[in-house]
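Chains: A, B, C and D, in written order; residue numbering restarts at 1 for each.
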């Protein structure tokens, strides 16, 4: 059943099983995201895609909210812009994001988001936590300083590779991405070294060993392709 | 059914080097208790937290070997088991001291001076909250509320509730109890 | 047990009870137990035995009668005139004496005075406002019955409501009755209970993909939320400890109404006594055929499991709680879909708070109209509060909705000790706010509390006197939320850390006006963008203290960090 | 139109931002028409003058001298501009923060690698004492404008200065103006 709704005043139609985010993208309306990645289930964690919906007192995440008939969605209000900038600032203050020395410089969703929200500086105190760098894997590396805990790697490892090598330990600000039972990545016996987590990472937290500043190449599209190929069973073997 | 998880040993640090893992499962009867809990939930994943409770109760803490054993038995990824074990405050991955003192930092205790009580104990035993004294005699922990607010400020010593404590008397009350236990032994 | 057997049990139990002239109730709630009340019970029993009075008097370990600050409490209920009868309400001819601060050594004296004048040095009046100003519905059995004996509960009229629902009412009628009663969720948000029940009752179990574990035969679930996490709140603990069967009965009625055959009680592991008593109660109810298959001889089946929390405040949030029951990290997920449609293992799930469910049996027995006659227009019935902090009488109270804060703090609570001034009362725990003295005459109901920037919450009520530093209170709650944030969504995970940092700076005298502005902006953002209730309400203590006690913040501000005009045009 | 009194300072940074500034090439002549350089690492002026219109601050606040100077700068400048990532975020200069206080870094630099008489220079006036925690400029004083970048590209610097000379707020929007790193 098609649904008609408006986003920022523009009338669009969508399928009833589509989310606001999907409907918006089909209509070429950009809604910012960080924890969303095509091909993975959505968790509504980063709150960047929050939108205003008429009749709802609460802001709703576009990635997990289904479209409804007659919905009036606004994605670019002053308030939403202010909130998004605050969220990005919080991320920059939370860990040690140093673009200048990052493999993902110039190819980073967090950096792009900072530009998009107009972050000319961060109002909050930088926390400078002491965090580790795991280079024990023969092909990949993990730098917790650059991790934003979006859990895209966790979901890619679980939902696409099926290994569930990666999960989150601890909670709150002390949360940390781990491999197996918090062992060095190179010792994680369940890891298949498939690299899907690296593809999924929006920042420079997961990277290929040997890449240096600004050398990271993004291939997250491959994950959406894999998921689509699998779901639609396009390979007839 | 083949077990999807790798053999114990490589990833599991504690104990694996000294004894063959399976030996420990057989020789240490406490694993029977954990086994019974897991059986009660049909060895299904939803029994994880109950299994962790029972392991924590049996051993006082959760070591890598036990966590891996639970992961294997419940057919859960090790990272998930570790993630759950570290999410909840009551689970601890480190061995605790011979005695445990928990100071309540709930609101009622807080406004009646629990912070000062905690500081006094920390100073007396040279241990920070969350830690264990160097002689492994006392673990000092904090809690969010025992629901014994009428007795605020409250602490527990080895499960015994001591109410209306003062910063001056708290350390002494703990010392007396530790002394009494030592003398009894 | 069918209805006849239930009635027979009740009658014989009452008869046995009537044979004893004296009923000695010893509180064994957590607070009194911590003060050795079990030893007191033993001493009293030994004394009775020694004096050969065991046939005439009995000692009962009971749940919390409420006045914890005077504990350990012992209540002696004696028949005034001689004869034992069962035909008239025996309470009419009984009188009670309440003893405070009892020690095991006092046992002999108490027993010796059973037939004479009460022991004056231990007595505390039962006609003090603390008792007379309360209205007990939910707590009616707490302090009266032995929570470890199902017979006690049955004798007090227990499980009658369940039998009535099962045999005289359709599930829809039960839902309608709850709806008409106006009962609202007692866990904090005050959502209309009947509406929730109706949604689950109507929900299609096949609407979402499900993965119910093997061995659990149900496509809908009822969950009792006993993860009472607010520091300074112990209403649910006392209920679970003092009257566990009432909760089971409430759950069974709810399950019948919504069509569930399996339920879970999620209890904090910090409440070992509550867990023990609930386990005992479940076992007894199963043995009595009041839980399990074919309850009370009907076709209805309902099983209950207990699940322990493990120290995570966020698990009080319903989606996090379900994640925890499923064996995972207690991490919330966005709603919709709501648990009523897609809950535990993808099945429609009813989640109610302990106190909410405890209200159900009396509503079914006495009717929606009776319940709706108590309280205010929009907030019906009573509310249990844990009254703590700088107040004379600390303990557990149950009052009709609409009572004023002044009555609670000064009449029931006995005012502020040490001749100090009342400054404010904190309700709703880390999610609530501080209410200043100017609102003392405000009625306590969901809407009024919300209007002044607090919430009903689960029922913690912490009284503060003029020595309390309100910035410190705000900082305390922020630290709590920061530590308890699950870390999933950024506003809560990182926002609470920054808010806590600013509050700490203020306390250290290192903050500027600019910091207060940043703090207020953060409060607004975290409140409106966080994923779950923990984050959404985490700023409340700051917002409310800034609203009513802003001068305390201003006093600690060090200088102005303001830009001067720089002469640039936009 | 009278010339703007222009200053640039170099705190805890690598001077890369100043290098990028010099990359303005021939536009520097235009700039010279509009401003008087009253203080700069490339000019021999010992004390920070008064009544400065605009000051570009390169680098983070990392030692006692920076801390003192930055307050003088604020007091004496109408417009303080955080110039480059170190000034705006702390950047590489602040990467020592997670390691702990100043001593850790000093020991590493002066002791750990030295075989002969390892010691941290400590006599007064030899080296300014490091502060334990490196902070961006706006953590110490109010800042009017921010030019991110490591270093900020010359085009970006020019766009900001052009606007300032014209008495306007520069439009800090988009990749050209805001990309860090």
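Assume a residue touches a chain if its C-beta (ideal position, glycine included) is under 8 Å from a C-beta of that chain, and two chains touch if they have at least 3 such contacts.
Note that this is a predicted model, so its numbers are computed, not measured.
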{"item": "Pair of chains with maximal C-beta contact number", "value": "B-C"}
{"item": "Chain located farthest away, centre of chain C as origin (C-alpha)", "value": "D"}
{"item": "Inter-centroid spacing, chain D versus chain C (mean Cα positions, whole Å)", "value": "58"}
{"item": "Distance between the centres, which are taken as Cα means, of chain C and chain A, whole angstrom", "value": "39"}
{"item": "Distance between chain centroids, defined by C-alpha means - chain B, chain D (Å)", "value": "50"}
{"item": "Rounded Å distance, chain A centre to chain D centre (Cα mean)", "value": "34"}
{"item": "Contacts with 2+ other chains: residues of chain A", "value": "125, 168, 170-171"}
{"item": "Per-residue overlap in chain C, given as positions that touch at least 2 other chains", "value": "312, 329, 484, 486"}
{"item": "Category of the chain touch graph - line, ring, star, complete, other", "value": "other"}
{"item": "Touching chain combinations (by label order)", "value": "A-B, A-C, A-D, B-C, C-D"}
{"item": "In the complex, chain A residues that touch chain B", "value": "163-171, 178-183, 187-190"}
{"item": "Contacting residues of chain D [partner chain C, same complex]", "value": "78-79, 142, 144, 163-164, 167-169"}
{"item": "Contact footprint of chain A on chain B as seen in their complex", "value": "5-6, 10-13, 64, 67-68, 71, 77-83, 86-87"}
{"item": "Residue numbers on chain C that touch chain D, as the complex places them", "value": "514, 561-564, 566-570"}
{"item": "Partner chain C, residues of chain B touching it in the complex", "value": "41-42, 44-50, 52-53, 80, 83-84, 87-91, 105-112, 143-152, 154, 160-163"}
